[in-house]
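Since the structure comes first, as structure tokens, the remarks are kept for the end.
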Amino acid sequence: QGAPIKVAAVYTVPVEQQWVGRIHIAAEAAQARGDIDYSFSENVSNADYTRVLREYAEGGAQLIIGEAFAVEQEAREVAAEYPEIGFLMGSSFPPDEALENFAVFDNYIQDASFLTGIIAAAMSQTGNIGMVGGFPIPEVNRLMNAFMAGARAYNPDTEFQVAFIGSWFDPPKAKETAFAMIENGSDMLYAERFGVHDAAKERGVLAIGNVIDTQADYPETVVASALWHFEPTLDAAIAAAKAQEFKAADYGVYSFMEHGGCSLAPLGTFEGKLPAEAAAMVQDYMEKILAGTYTVEIDNSEPSA
Amino acid sequence: MAEILRLDGITKRFGPVLANDDISFALNEGEVLALLGENGAGKTTLMNILFGHYMADAGTVTVAGTPLPPGQPGAALEAGVGMVHQHFTLAGNLSVLDNVMLGTRPLFSLRAGRRAARARLAELSGRFGLAVDPDARVADLSVGERQRVEILKALYRDARVLILDEPTAVLTPQEVEALFATIRKAVAQGLAVVFISHKLGEVMAVADRVVILRRGAKVAEMRSAETDRHRLAEAMVGAEITPPDVPPAVPGEVLFRLDRVSTAGTPGLRAASLALRAGTITGIAGVSGNGQRALADLLSGLEVPVEGRAELMGAGLGIWSPRRAVGAGIARIPEDRHATGAIADFDLTGNAMLEDYHRPPMSRRGWLDRRAARRRAEEIIARYDVRCPGPATPIRLLSGGNMQKLILGRVLEAGPRIILAAQPTRGLDIGAVTYVHRQLLAARARGAAVLLISEDLDELRALSDVIHAIHDGELSPAFARGEITVKELGLWMAGQGGRDAA
Amino acid sequence: MELFDILVSATFWAAVLRIASPLIFATMGELICERAGVLNLGIEGIMVAGAFAGWIAVYAGLPLWGGVAVAFGAGVAFGLLHGLLTVPLGLSQHVAGIGITMLATAATYFAYRVALPEVSSPPKITAFQPTGWAVLGSQTVLTWAALATVAVTGWVLWRTPLGLALRAAGENPAAVEAQGLPVHALRMGAVAVGSGLMAVGGSFLTLSAFNSFFFEMVNGRGWVCIALVVFGAWRPGRALLGALLFAGFDAFQIRLQQTSLGAGLPYQLFLAMPYLLSVLALVVMSRRTEVPAALMTPYNKGER
Amino acid sequence: MRLEAIEAPGLARRLGLPAAALAATVLVAAGLAAIAGGNPLDVLGQIVQGAAGSKFARLETLNRATPLIFTGLAVAVAFRARLWNIGAEAQLYLGAVATVVIGTQSGLPGPLVIPAMAAAAVVAGGLMLLGPTLLKTRLGVDEVVTTLLLNFVVLLLVGYLLEGPMKDPMGMGWPKSPSLPAEARLPRMAEGLRLHWGFGLALICAAGVWLLQARTTLGFEMRAVGANARAARFAGMPVNAVLVKTALISGGLAALAGFSEVAGMKGNLTADISPGYGYTGIVVAMLALLNPLGVVVSALFVAGIFVGADSMSRQAGVPSYIADILLASALLFMVAALKLSRFRIVRG
């Protein structure tokens, strides 16, 4: 095992944000195990981002985790300046052989999203699904697209309503947007943002969760969720760093279902309420995905209704 | 009569300035006391201390035998001290009634009590002859009406001592008469009045007793019955003041002419005709708000004729603007020196070059010549006797008279051919008034045409070679010096001159 | 659902009221401050503080109205700070306001982290529930309280001696002083109470519109209220109208996005609509006779 | 109680009070650190270390001060003329957009492209403020509100551009603009220094604005219009034209912040290049009492406090939000101290 390695994370949003929250939870777990010594900075604006990266680099971090998305170029410049330190960065770009210490990852949980799409279509009476997102960035788009593909796989006639609220943290606004969709015929909501579940609960319609499992808070509302598990990604990176073998690699695959990077949350309160046909379909696709015989398409483009 | 007010050893410093120096005097019921002094002598400061607006460094104020707690206008009001400030303290967007009621009821009471207030206001208006519309917006009122509101505010609160700080500076002669009538009614009902004015005639007319301040100290106290204007002036200034001689005019060509000119706005000019000749002073008499502003604005470049023809040195005005007016050699002394004539936060240098900063020698190709500007300011300071610490002093720190001298210097330096002087002596002390008059006469002797707009008929009649009355935007015919009596002029000012004369 | 159907649906109008409620509280708060002569750009941060304070108080066990009261208190505290800086000290109201927004926001986030270090998703409380009264029945009692605030503000400002004094303090403080009233105390009081209302507006988000607190959830609503006060020409009734109009644009754009008309357009256009229409409305009205004359002018006795 | 101006404040007062403001900020920092479980005694050292304790720290402070100098100048120029420009944020973003458009599309030869980018940015920012200014001069629409509201509109517009027409085709879907080619990037001010010429340009602009205000007729007009528009008009100044020129200059300066961030720091545009530089610019300008040279000092102060406090939060292991608290407290303490160094509190 050896001594814990020093890991620092730099987040552009508070750790309440689901995407970042999953990384944070995984890191805290690794720290609890004694594998790493973890520190983090949250809500770092992109204007300050590389300064904070450098500060951690100067401060002796051995592995730095972060989000390079909006600062791709600069983050790579920083990594180039500190070749001894491993950089594991959320990024939509592939790794670069020339930059040996810069590895990339992302929330590639389209597998699970696809399965939740099947469930959503099966549970919707009206065939009209409302989707509320924050911003149409690839990390959001690919999950929405996979979800829609799943829903169409079950019911090709499924209709969608899609809206972006232009904020990560405005639950009241997300809620209002969801209300409008319900009024406009949706009886199933895809909850990319906080607030959507609440609208569904208040109006007695169903919802699908995303990235985190929220059924405990909304037992009558949330049918299923596509969960992201950052642990496989992080554990692989820690192992590589400890073995002095950290290198430019694409850790994105560790979010795939076959690596345990994502999963379909247990149906829980909705166990047995799924139409048998749908349950079978979910099971079937899951097996194919795990066996590698079916690949959910990764589509980063902005979804539209 | 019983003593109602006593000031004892009042002393007040503003930084290095000793504004009040150990001043004491007393006031009896039913008495009018005039407070005299040059600009900056400390009159307003003393009254502000009496009213609780400022706290004295030393000394006490006693009203009806009870000492007032310092620095509390509320306590002064409660004790029956009412004050009409030199600069009115009214909220322009509120109604007359609101202004009067302000602060008269406990803040946290649930009802405004407007009905009772309205009745009481009507009663007071009647009793003291102060007619105002309680629902009018104060900003829509004339200066004279605003002053009535101020006095009503004090009376509404049962004032026993009424302080009037330069109440007549902005009033027309008729309004002054009405004010004096009100004062007489008030003293007859037992009020005591402190009256501040620079006009010695008024002081002699209304005051029982006079207290004179110089540089913050009380220098004299006398009964008005036992003195005269010369002695007052001498006590005030420390030397005798002689009004300037007015030699006969030598009229020259017409430099500016209005031919049946009308302007937009209310009250604008209405078919006004006028000719300003070189070497003469043309006076405009009228009750304020009758189009004087429009006439001054027209000459200043702020207004343009919408009808009729205006001629400058025989040619049309062209595209008319303040800058054109300055460029054409019109010197403009605006009515409101604080708001229009000067930039309070700028120093004397900046204010001195306000009108010609954009051309040599003040600037070249957009770059200011700071040395030239400073030299200009120093020249004006020296030549026009502006009392100040130096050209880098913010102009807001100057007294009104000195501010006016700087403005005079600014506009007269270039030797203008046409001079607009709108209320040039308003609020100035007797020394400064004399100074301004001398400057205007000197310009006339040089061959300048002067348009003098004033509400002070004495001033107008002393200086003007030609007088027009203005009423509701219409100008009367021109009357030569001595051609018209005050009474006739008054009729023209009231808009009835033509009818009577015809 | 097409345009006309949207406008005649009761659910649309219910949404308008819900969206407007926090704006109404905060707009009344700002209006009171500005009527007394103090621009309060601290509004955005004060709303954040109110949202947090109300929620954490309820989470800690207080009843919902206790939460509202705590939020109000938090607003008053920041209001007093803004008042202290801008009224007796006469500092620039722009700077103090922006400083207060920074301070209140950061202090709130800091307090949140210190209070709840180990939570990754903020805990939920049981928020105000819709009363089910009236036609627009999905409103909580806090929405009705917002409407009542408008009436009370109007009544106090125009029908009581206190209101007269406050308005006069925003018109000409020297006149207030000359009538024996304490200008600074009046202004401080107005800023304190006004800020309290802003904070209650923030707490609407966590106690009624939603049931927990998130960073950044106020999301610019405070700035909108500054505009609403101007839009409303510093009158409560017209400001209410403005808030309803703004909320109406917002509710409308959410629905419009799902119509055939809205489908092809970028979503940013819809989000920008309330702001653009507010600017347009200002241009159309473009009268500013009613601006409190002493707004943004500190009062210092004896200054010349 | 009232404030009385001190004609010639002594050195002790002029330096002592600001020093007290800094001390108060440190006390707040220590208190907060203690609350959050850090060591209050280390706080001061950590802030100083983080802001200026190493070459790295000093350069970071200068880098972060750069956009603040531009927005601070923009606000100082406008406020001096009483044009309440709360829209520096929007002007910054439009400047950034113009920078990217020219930098990636113009095809201009190397040496011309950077001046062209800067010029385009200035025009874009100036035009952005021109609208609200004309609404003010023509229709009397309050510019505080219009400039404030348009910030949101412009931010959404930039979001749209980055997701639509300006989206980087090589960006893997992330909403950002294409990167500027190397010749369109501002060079470093010295080899190996992480400080680009944007900072130099900011200093030049500060000097330029100072010259403009103190030495030119236009500057004189701008100050006069701000101090008393009525007197300025009476004296013959073209008040509306002066306001329009002020708007173009102010908007242009704010836009240079966007230019400098894109061309100097980031190399491309994202919707979040500014963490509120436009708003902080207001604080920077007022802290400098609207003096353009003072803006440089106050921008360095603001940047130093933020960078130092942010770094301290990591050293001390306290929530990073402490940095903003300290920045806000430092500001409020400092403006109060600056006021009290020119006024004394007296009775009555």
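Going in written order, the chains are labelled A, B, C and D, and every chain counts its residues from 1.
Methods note: a contact is a pair of C-beta atoms (placed from the backbone, for glycine too) under 8 Å apart; a residue touches a chain by one contact, two chains touch by 3 or more.
Here the structure is a predicted model, which means the values were calculated and not measured.
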{"item": "Joint neighbours of chain B and chain A, given as chain labels", "value": "C, D"}
{"item": "From chain D, the most remote chain by mean C-alpha position", "value": "B"}
{"item": "Euclidean distance of C-alpha centroids - chain A vs chain C, Å", "value": "35"}
{"item": "Centre distance in Å when chain B and chain D are each reduced to the mean of their C-alpha atoms", "value": "45"}
{"item": "Whole-Å gap between the CA centroids of chain C and chain D", "value": "27"}
{"item": "Chain B residues counted as touching two or more neighbouring chains", "value": "54"}
{"item": "Residue list for chain D, restricted to those that touch at least two other chains", "value": "4, 156, 159, 163, 321, 348"}
{"item": "Multi-chain contact sites of chain C, meaning residues that touch two or more partners", "value": "109, 268, 271, 301-302"}
{"item": "All touching chain pairs, where touch follows the definition stated at the start", "value": "A-C, A-D, B-C, B-D, C-D"}
{"item": "Interface residues, chain A side, partner chain C - complex", "value": "13-16, 21, 24-25, 43, 136, 161, 163-173, 175-177, 179-181, 183-184, 194-195, 198, 212, 217, 304-305"}
{"item": "Residue ranges of chain B touching chain D (in the complex, touch as defined)", "value": "14-16, 54-56, 70-71, 300-302, 321-323, 325-326, 332, 334, 339-346, 350, 354-355, 357-358, 363, 366-368, 370"}
{"item": "In the complex with chain B, residue positions of chain C that touch it", "value": "159-162, 164-165, 167-168, 171-172, 174-182, 290, 292-293, 301-302, 304"}
{"item": "Of all residues in chain C, those that touch chain A in their complex", "value": "1, 9, 11, 15, 18-19, 22, 109, 120-122, 124, 205, 209-212, 214-217, 219, 250-251, 254-255, 257-258, 263, 267-268, 271"}
{"item": "Chain A residues within the chain D interface of the complex", "value": "12, 39, 41-48, 51-52, 54-56, 58-59, 69-74, 92-93, 135-138, 141, 166, 300-302"}
